[in-house]
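Below is one structure, written out as C-alpha cells; comments come after it.
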C-alpha cells in the first residue's frame, strides 16, 4: 500500500466514523443521507484497495474518483468523483506546494463545472476554495510546504464554519431558503474532513 | 313531552355525557366507537322528539327503536333497536311490575334473536339478564314495585361488573380471545346506564 | 392525539364521498341522503352486487364499484357498520329485477344490519342473497364465538362473484361462487403502529417503540398477540405460515396472493414483504398464479400489512382474470 | 426511531426490486448487478423512456414502467440519486436505435448523475435527450439557485411523453412534448408527519403535535414554512392557491389534477382534500378534465399530500387519454 493509498484509507475511516454526524448535518437542511452516501462510497474505496495494485499516485486517485462516481450517487458522488478525477489528471508523483496548488485549482474547476455553484452558495466549495486560496497565497509568498499546509487547514476550517450563517443557493438546502441559515453545510464538513486528513497525513 | 319521552331524553343525555367513557371501554377490547355510535343515535332521538307528537308510551319507544336502527349502525344499533322494538310491542300504558317483567323478557328475547349471544358471552346481555331476573323473582315473591326496581338496579350493576373477568364470545371483543379478560364490556355498561336512568326516573 | 387532514370529524364520510364523486363523476353516482356509491349506469340488467361496511378501509368499498365488480358500496361511519336503511336504499338502487347479492364481512354489526336490510328488501319483493366473508385466520373459529373476521380476502369475493354476475349468472350461481371463494381464502395481518378514528381522542391501542401486534384486524382493534418487533422476513414468515397451515394450502396448489398495506405502510415495505412471501411459497412448491401488492383493505393510517392466499382452480382463475373496469384489480 | 418492515436497512432497495419482479414477472425484468427495472419486452422499436432517482417514492419510478409509459426505471438508494453507471446500463438496455429520452427531476444529484450517464451513452453512439422536471412552486426559481424541485408533476411527463413515444415520435418530438408538460405543470405539498430513511437513526425533521410543514418536497426534507395544523380545507386552499397563482391558471383553463398522498396519508383524507380542490377550481371556473387521487409520488411513510395541476390543450388531452398498460395512470 503506497502513501496515497494510505491517505485515502485514512480518509475513508474518517468519513465512515463520521457517517452519523454528516447525516445529521444533512438532516437539518437536506435529506439526511450525506454521511450514508459518503460512507457507502468510501467503504467501496477500501474494498477496491484490497485487490488493486497501482503503479502511480495518480492512478490511486483516479480509482478513488471512479469508485465514488459509481457508488455514491446523490450530489456528492459526481461532485467528489469529478473533483478527484480532475486532481488525478494534474497530479505529479512528487509532492510540491506548486503541484498542490495546481491540484486544488483543478478540484475547484471540476466541482464548479459539474455543480455550477459559486463560493458563498453554502456548499463544499466554501471549505475548498479558501483552502486552495491559502495554499496559493503561501506559494506565491514563498512559504514553506508544511506551514502552507497548516494555513490551508485553518482556512478550510474557517471556510466550513463560514457556511453556518449562509442561505443556501445550491443543492437541496437551497429549497429551505432562509431556513437554511444557522446550520453548517454537510458537504463543506466532509470536504474539511478530507482536507484535514490529507494534511495531517502529510505533515 | 310525556313521561316516557322525558325518560328517554334523560337516557340520551346520560349516553351523550358518557360518549368518551364508552368509547374508551370499547377501545380496550373493541374498535373504539361504542360511545360515538350510541351518542349519534341518541342525539337523533332527541331531535326526533322535538318535532314528533306521540299518542302512547309504546309509540315513543317504537320511535326510539326505529331511530336507533336507522342511525347507530355497528352491533349496538340493531341490538338496541330490536330490543326497544320488542319492548314497544308488549308495553302497556300503565306501568306495573308485571308488565316490566314482560318488557324485560321481550328485550332479552329480541337481543338474543338478533345477536345469538348467551349470558356469559361478555355482552350487554350480562347486564340485562340479571336485571330482568331480579325483577321477575321479586314479582313472583310479591315484592313492591319500588323495591323490585332497586333490586333490579343492583343486579344490573353487578351484571355489568361481572363482565370484567369474562372472555368475550360474541362481538368484536371476541377476536381478542383471552386478552379480552380484565376489561368491562362497553355494551353492558351502556345497558346499565339505560336501566339506571329508567329506574331513577321512575322511583 | 393524531394529526389528520380532516375538517369536522363528524363529516369525514360525507366529505370523502363527495371527493370520490368529484374525482370520477362518470363512474359513480351518490344516493341522495345516504352514504352509498352506485355505478353511474345502475341498475344494470344482471344480478347486482352490493358490499359495504364501516368506512376507513379505503379503497374498500367504493374503489371496487364498476363493471365486473360491485354495483354499489355502502359506507358506514368510520369502522361502524352502516344502518339497514342505507343498505336497503343501495339494494333498491341497483336491483334490475335479477336479484341483489350482498357481500358481508363477518362482524356482528355488519351481519345484523345487512340482514335487516334484506328483510326490508324482501318485503318489497326484491330477491336477495348474501355471503359472509371470514378469512382472518388469527381469530378462533367456532360456533360458540362470532367466528372469524372478514378482511382483505373480501376483495377476491368482489372480483370473482362480480365477474360471474357480469357474465349473466343467476343469484344462486353468484352465491355459490362467492361461497367457493370464501371456502378457499385465508388472511393474517399485523401492525407496527395503530390508527386513530377521526372522532375519537385516542388510538384503540398503543404500542411501545419495540412492539408490534400480530393477528390484527382492520378496525384498529388490538391483535391477538403482542410481541417485540421482528425483521420483515420473520414477520412475513409468521403470517404466511399461519395462513398456509389453516386451509391448509399444499404443494402444487395454485394461489393468488394479496400483500395488503394497512394504510400507513410504505409501498417499499410491501414489496420487501412480497419478496419473502414469494420465497416461502416457492420453497413449499405452492404455485403463484397472480400477486397483488398494494393497499386494498386498509385501516386508516395503521402501519402494517396482511397476507392473503386464495386457492385457485380453473373456474376461479378464469373469473379472476375476467375483465373489469376497476383498475385496482386488473 | 421508527419501526419498519425491513430486514437489513442496506438491502431495502434490492429486496424491494426483488419483490416487484416477484409480483409481476411478466411485466418486468431487473438488470443484473444494477437496480434497474426494464420492460420485459425491451428494447422496443421506438424512442425509449428512462426515468429514475432515489428510492422511497414508490410507486415512482418502477410502477410506471410498461407500454405507453417508461421503458426503464433506475432506482437509487433511498432518497439518493442513482449513479451514472446505473443510468447508463438502463439506457443501453432499452435503446432500440431510436434514441433514449431521460426524465430527470430537478435535483442537483439527479441532474449530474443522469448527465454523466448521457455522456457515457453518447460515447457509445447512443443518442439521448432529456427533460428536467421542476414543478414544485414552493421553491424559489432563479438562475442563482438550483431552481425548483421535480415532484408529483413528473407523473404527467411519464404519461404524456410515454404516449407520444409509443406512437412512434422522434426523440426531438418526445423532448418537445415533455418540455410542454413541464411548462404547464405545477405542484405544492405539505406534511403532517415526517418519514424516516431506513438507514438513518432519525427523521430529517420532527414536528410537534400541533405543527405541520408547508412547501415540503419528497425527500423528507423540511418544508419552506412551519405553521400550526389547520383544517383540511384551509390546507388545500393554501396549496391550490399557490399552484394556481404560479402559472397562473385562469378561468376556462382545462386542467388535470393529481391529489397525491405522501405515503402515510389515509386515502379517506385524500378524497376529503379532493372535494375541496374541486370546489376551489369550480369557483374559479377552472375546468377539471381528469382527476387522479392516490399515491403516485410518495416519501416513504410521510403523512401529507400534494396537489398538482396540469394545464391541458387538445394535444395533451389526447396523450393523457392514450392507452397504457400501467394501471396507475389509466
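Labels A, B, C and D are assigned to the chains in the order they are written; within every chain, residues are numbered from 1.
Heads up, the rule we're going with is that a contact is a pair of C-beta atoms (placed from the backbone, for glycine too) under 8 Å apart; a residue touches a chain by one contact, two chains touch by 3 or more.
Everything numeric here is computed off the predicted structure, so don't read it as measured data.
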Path length in the contact graph (subunit A to subunit C, fewest steps): 2
Taking the mean of the CA coordinates per chain, how far is subunit B from subunit C in Å? 31
Distance-wise, how many Å sit between the C-alpha centres of subunit B and subunit D, to the nearest whole number? 54
Can you check how far apart subunit A and subunit B are, centre to centre, with Cα atoms defining each centre and the answer in Å? 75
Subunit A residues counted as touching two or more neighbouring chains: none
Of all residues in subunit C, the ones touching two or more other chains: none
Which of line, ring, star, complete or other matches the graph of chains that touch? line
Under the stated touch criterion, can you name all the chain pairs that qualify? A-D, B-C, C-D
Could you list, by residue number, the parts of subunit D that touch subunit C in their complex? 1, 3-7, 12, 15-20, 22-24, 55-56, 58-59, 78, 192-193, 195, 209-210, 212, 229, 231-233, 235, 259, 263-278, 288, 291-293, 295, 298, 300-301, 303-305, 327-328, 330
Please output the residues of subunit D touching subunit A within their complex, sorted ascending. 54, 76-85, 107-109, 112-113, 116, 136, 138-140, 144-146, 149, 197, 199-205, 217, 219-222, 224
Touching subunit C in the complex: which residues of subunit B? 20, 23-24, 26-33, 36-37, 40, 69-79, 114-115, 169-172, 174-177, 179
